[in-house]
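The following pair of complexes shares a single chain, chain A, combined with chain B in the former and chain C in the latter.
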Partner chain A sequence: MAVMEATLPRRLITTPVAGPAIALVLACLFFALNSPQFLTGPNFSLIIQQVMVVGTLAIGQTLIILTAGIDLACGAIMAFGGIVMTKLAVDSGLPPLLAVAAGLAVCAGFGLVNGLLVMKISLPPFIVTLGMLNVVFALTHIYSNEQTITDLPPLLTFLGQTFQIGQTNVTYGSLLTILLFLLFAYLLGSTAWGRHVYALGNSPEVARLTGIRTGRLTVGVYTLAGLVYGIAALLLVSRTGVGDPQAGQTDNLDSITAVVLGGTSLFGGRGLVIGTLVGALIVGVFRNGLQLMGVPSIYQTLITGVLVILAVAVDQLSRRRNR
Partner chain B sequence: MNVRIPAGLLITALLVTGCGGGGGTQTATTTPKVGLITKTETNPFFVKMKEGAQKSAQANGLELMTAAGKFDGDNASQITAIENMVAAGVKGILITANDTKAIVPAIKKARDAGVLVIALDTPTEPQDATDALFATDNFKAGELIGQYAKAAMAGKPAKIATLDLAPGITVGQLRHDGFLKGFGVPAGDPSVVCSQDTQGDQSKGQTAMENCLQKAPDINLVYTINEPAAMGAYTALKAKGREKDVLIVSVDGGCAGVKAVQSGQIAATSQQYPLKMAEDGVKAVSEFAKSGKKASGYTDTGVTLVTDKSVSGVEAKDTAFGLANCWG
Partner chain C sequence: MTTPVLQARGLVKRYGHVTALDGADFDLMPGEVLAVIGDNGAGKTSLIKALTGALEPDSGEIMLDGKPVRFRSPIDARRHGIETVYQDLAVAASLDIATNMFLGREVRKPGILGRVFRMLDKKHMREESAKHMASLKIGLRSLTQPVESLSGGQRQGVAVARAVAWATHVVVMDEPTAALGVKESGQVLDMIRRVRDGGTPVVLISHNMPHVFEIADRIHVQRLGRRVAQIKPGDHNMAEVVAIMTGALQVTEGKAVVADKGAAEAIGLS
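Entry: the complex of A and B
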């Protein structure tokens, strides 16, 4: 016990999530003191609703970044998944559950293609996903014929429905998002698969030599990330109540922002998925809090930029100190 | 030793929050709030709109909150802005929707919460998803330059290029259709030899015009969705030495556009008034805050044909008027 106590503060400093978590708490305190509407249950429920789409995308992004990759196509894949789900359900009259399944499968399929291109031809993930970003964006607009799809069946908007905790309405989507974060925290932290992902990100060569089938693992990670983007698509559709071909155009960078703010290293092998949740919440809290204070949205973008640079700087400095 | 760091952070936390605490409770005053949500932050049209809203808010004793999408078509940011403004307790929201259909559920939630929602410039689909619409009659704006072009061509057979906005965007469609109606040709008429989308962007307008000239070198009339697209067309025509014998007509009335009319690069443009949209919108919210009376229906904020080469039978103002009333 004594040993535990001695190492706890040190662990707190070296844990990549400590910094972001403190920043989040400070931001909340600041806005609570500056806006009477900030510190309320409904407002927090709102913030979670507002970050759930990018947050869920960022789960997939975290997986890929942990393997020292990056995914620029995640938002585009999500937008396509959303169009597939809504168009099949509304225009083609498919049963909603099948339409959702098809959307999830399509997203996972794009992830699979990304993974295969990265693994088989050894293309840099940046290039693969940059190309895929354009391909999927174009496919979205071709398939949707630029039309927004409305009048969705109830199943597609179910995650946007609410249940009550005390006086606060919480959407099922918010709950699902939190559960996804917990699930992936478990998978990455407590399973052999999770340790392999970290090992791959730290050094693919060492990972291979220790018997990890790195190729299969890479393809698996990209495919799983794709599936998570599909869930994000369902969350997006349920939140907005429409299938929107214009959706997600900045969400690739927004998800990377959440990952980086959450203390995960862009060089791979270091970081926690819970940090990503904190990172997404930081962006959401600033956007909501500044709006409540009446600050124009362009300043929210400015502050987000400053925070990203700060987060990476802290990451670099803490690495140097650890050495 | 180890304990000191969290303690230090705690002190920092207290300092930071303490600093902010001073001005905090002022926001709880009873000044009614009005929100303005524009398509983007950067377009001069919306800058002017914001200016009009700010002026009108001050005059009517309202506090103005603003937000915008990150890019043209960004629906998610506008939804977030609506939610946050409702949470902030605004009386009314003025919005130029990036996606006229996709924004409707979020607007409905705001209206259900008792907020007056007014569409500025761009109607939602359906139009009655908002309480009221303050906007240019875009069909009429197109019709005016169509009529002007018809008179200015003076019976010469027309070979028309239309540099449009983007597929599925109502504003662009209305202006285009209005132009054809004003010019007196049906949609799909063979005199329209080339139609290209420009997203209202100057460089895309130039590329589109270059391609149109490849396709039909004898084009002699160019309709453009806005003046940046018109300037792009002018640049392309000039490169071919055709700028003197091709008539360019446009819509918008931005200051740079009116100057281009003054210098003769653009023959005529239909000017619209974003400042007035915002002023009237804020006034309506102020009225609602005071008396509970909600604005409703469609209010035409006006459109004027601006040209220095007026033609008989089409009412127009000169560029001096245009420059006095332009935006951007």
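Entry: the complex of A and C
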């Protein structure tokens, strides 16, 4: 019997990003009809700037959730990375490039520790990263002495600079965020490593029996996620222009929100990193659109909450139908 | 005399006080389907795990094509061409068929795309998968649909096809029909036959006597950690085989001898 390929339209419908993408388009339409400023280049540039930090964090979060884990410490790790970069560059007088490298390394190091704890002692990721959240939060405040670090060298704020596309100013950070999403979409979709991440999230035992080194893969995923949080730290520093020990305190949950809204399953093994970009944009578009319509910001939080529950409900229902 | 493809002599495995394998022997001949049967706790699973690298025996030796080998892990055994189909741990549910077929053995594109950018050759893997699925006569609408959207029999088919595709020596199947309905079981049995006819010997662990009698060329009976008999399905009926399994009958030089009269009578043999 001939084996046929799924046709393109069928694949578009069955892709887990279809629902979130439609939601995003509908939201854009709604706000475009309700606010004349919404559908403009500068406004979209602003939305991307507003979501790029959480969006980048959510890339790392996606990796971990795909392995059926979760990371509650991502925002705290990012905040610490930001302090390391700025403090080393400003207070310790390290060359900025070296300070950035140190910040990235520290973030990757925390990811490594998370991964080792999850893998070696088989602790639930929820517990490991909950503990790490507190540890890193405390370290951030101890190391920074509760001081905000200002007067950053230009390299640390470079990603906040803009270039022009047509009439619209776009930050280099926005560009970097988009490139990161594309990079990870490629790694997850078109390399053996990506396949193994999905297999691990489906069932660690199946993955192990097919010869995948699941321990190394797990540690690798957490470490790589940590490195991505480091990049998010640089984006954050360049966007705000300061090293702030208070930064990113709700970003762990916001990144999970973006992942879930993007159609990735919290049970692991299902989802796409491009979905996470869509999820982050949904949050950004709602916040921005409601703001333009003059809706108080507390309603934005309310609506985000409703959206998350809706997204997970849709995921559950579609899974039940598939069985 | 032909050399067994896979052979074991005097395998011992102890867990504290419990002896799972007590000097077990094993012989798999070329081109046969060998069923391994035994009561719960007879050491079937331990035997199969030792043969597929999932456990290391305390003593005894394993020979592949007459040469001694040691398997430290399932991957080790796979490198020697021994593929195992596990009962319910066969496939990654959300991945498609071709991906499952090549999981852990992905093929990259030739040239720079593969070497530097590590890009997978999805087309090649799909085509190869299609060939393997077709050779086992597993009809499927699409190779890009996730495995979780398949029926239990088709899913098992994917697992079997993967094992067959990579097995150069032996395919081991652990209760491949246990979770399946009648029709799907039949399909899997057909597949096993095709694998054997393709020249790869199959070790089949099963509780299902009718299936064993339908498909096995020989039966290895495991009891109390040892092989107590090797028989041909034609030489004994099912009741006798069950009696051998439970120790009511003993086999000496191909003849069944009543060892436990009461037990033998209880199951209608006397």
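Going forward, the second predicted complex is superposed on the first by the 314 of 323 C-alpha atoms of A that agree within 3 Å, B and C clash if a C-alpha of one lies under 4 Å from a C-alpha of the other, contacts with A are read in each partner's own complex, and residues count from 1 in each chain.
The rule is short, and it goes like this: a residue touches a chain if its C-beta (ideal position, glycine included) is under 8 Å from a C-beta of that chain, and two chains touch if they have at least 3 such contacts.
As the structure is a prediction and not an experimental result, all values here were calculated from the model.
When both complexes are overlaid on chain A, the residue A:W193 reaches chain C alone and has no touch with chain B. When the shared chain is aligned, no partner comes close enough to touch A:G103: not chain B, not chain C. Taking chain A as the reference chain, the count of touched residues is higher for B when chain B and chain C are set side by side. In the superposition on chain A, contact of A:L292 is made with chain B only, not with chain C. Legend: residue contacts after superposition of the two complexes on their common chain; A:I22 is shown touching chain B, with no touch to chain C.
By the touch criterion stated above, A:G81 is placed in contact with neither chain B nor chain C. Legend: residue contacts after superposition of the two complexes on their common chain; A:S203 is shown touching chain C, with no touch to chain B. Contacts of A:G269 after superposition: chain C is touched, whereas chain B is not reached.
Comparing the two complexes, residues 6 of chain A contact chain B in one case and chain C in the other.
Chain contact summary for the complex, chain A toward chain B: residues 6, 9-10, 12-13, 22, 25-26, 29-30, 32-37, 42-43, 46, 49-50, 53, 146-148, 150, 236, 239-242, 244, 246-251, 287-288, 291-294, 296-298, 301. In the complex of the two chains, the chain C residues touching chain A come out as 74-75, 78, 84, 86, 89-95, 99, 103-106, 108, 118-120, 122, 126, 130, 133-134, 137, 139-145, 148-149. By the touch rule above, chain B contacts chain A in their complex via residues 2-3, 5-6, 9, 12-13, 16-17, 20-21, 23-25, 27-28, 33, 41, 63-68, 70-71, 73-77, 79-81, 83-85, 87-89, 98-99, 101-102, 104-106, 166-168. If you check the complex, the residues on chain A that touch chain C are 1, 3-6, 11, 190-193, 195-196, 198-199, 201-203, 205-207, 209-212, 269-270, 322-323.
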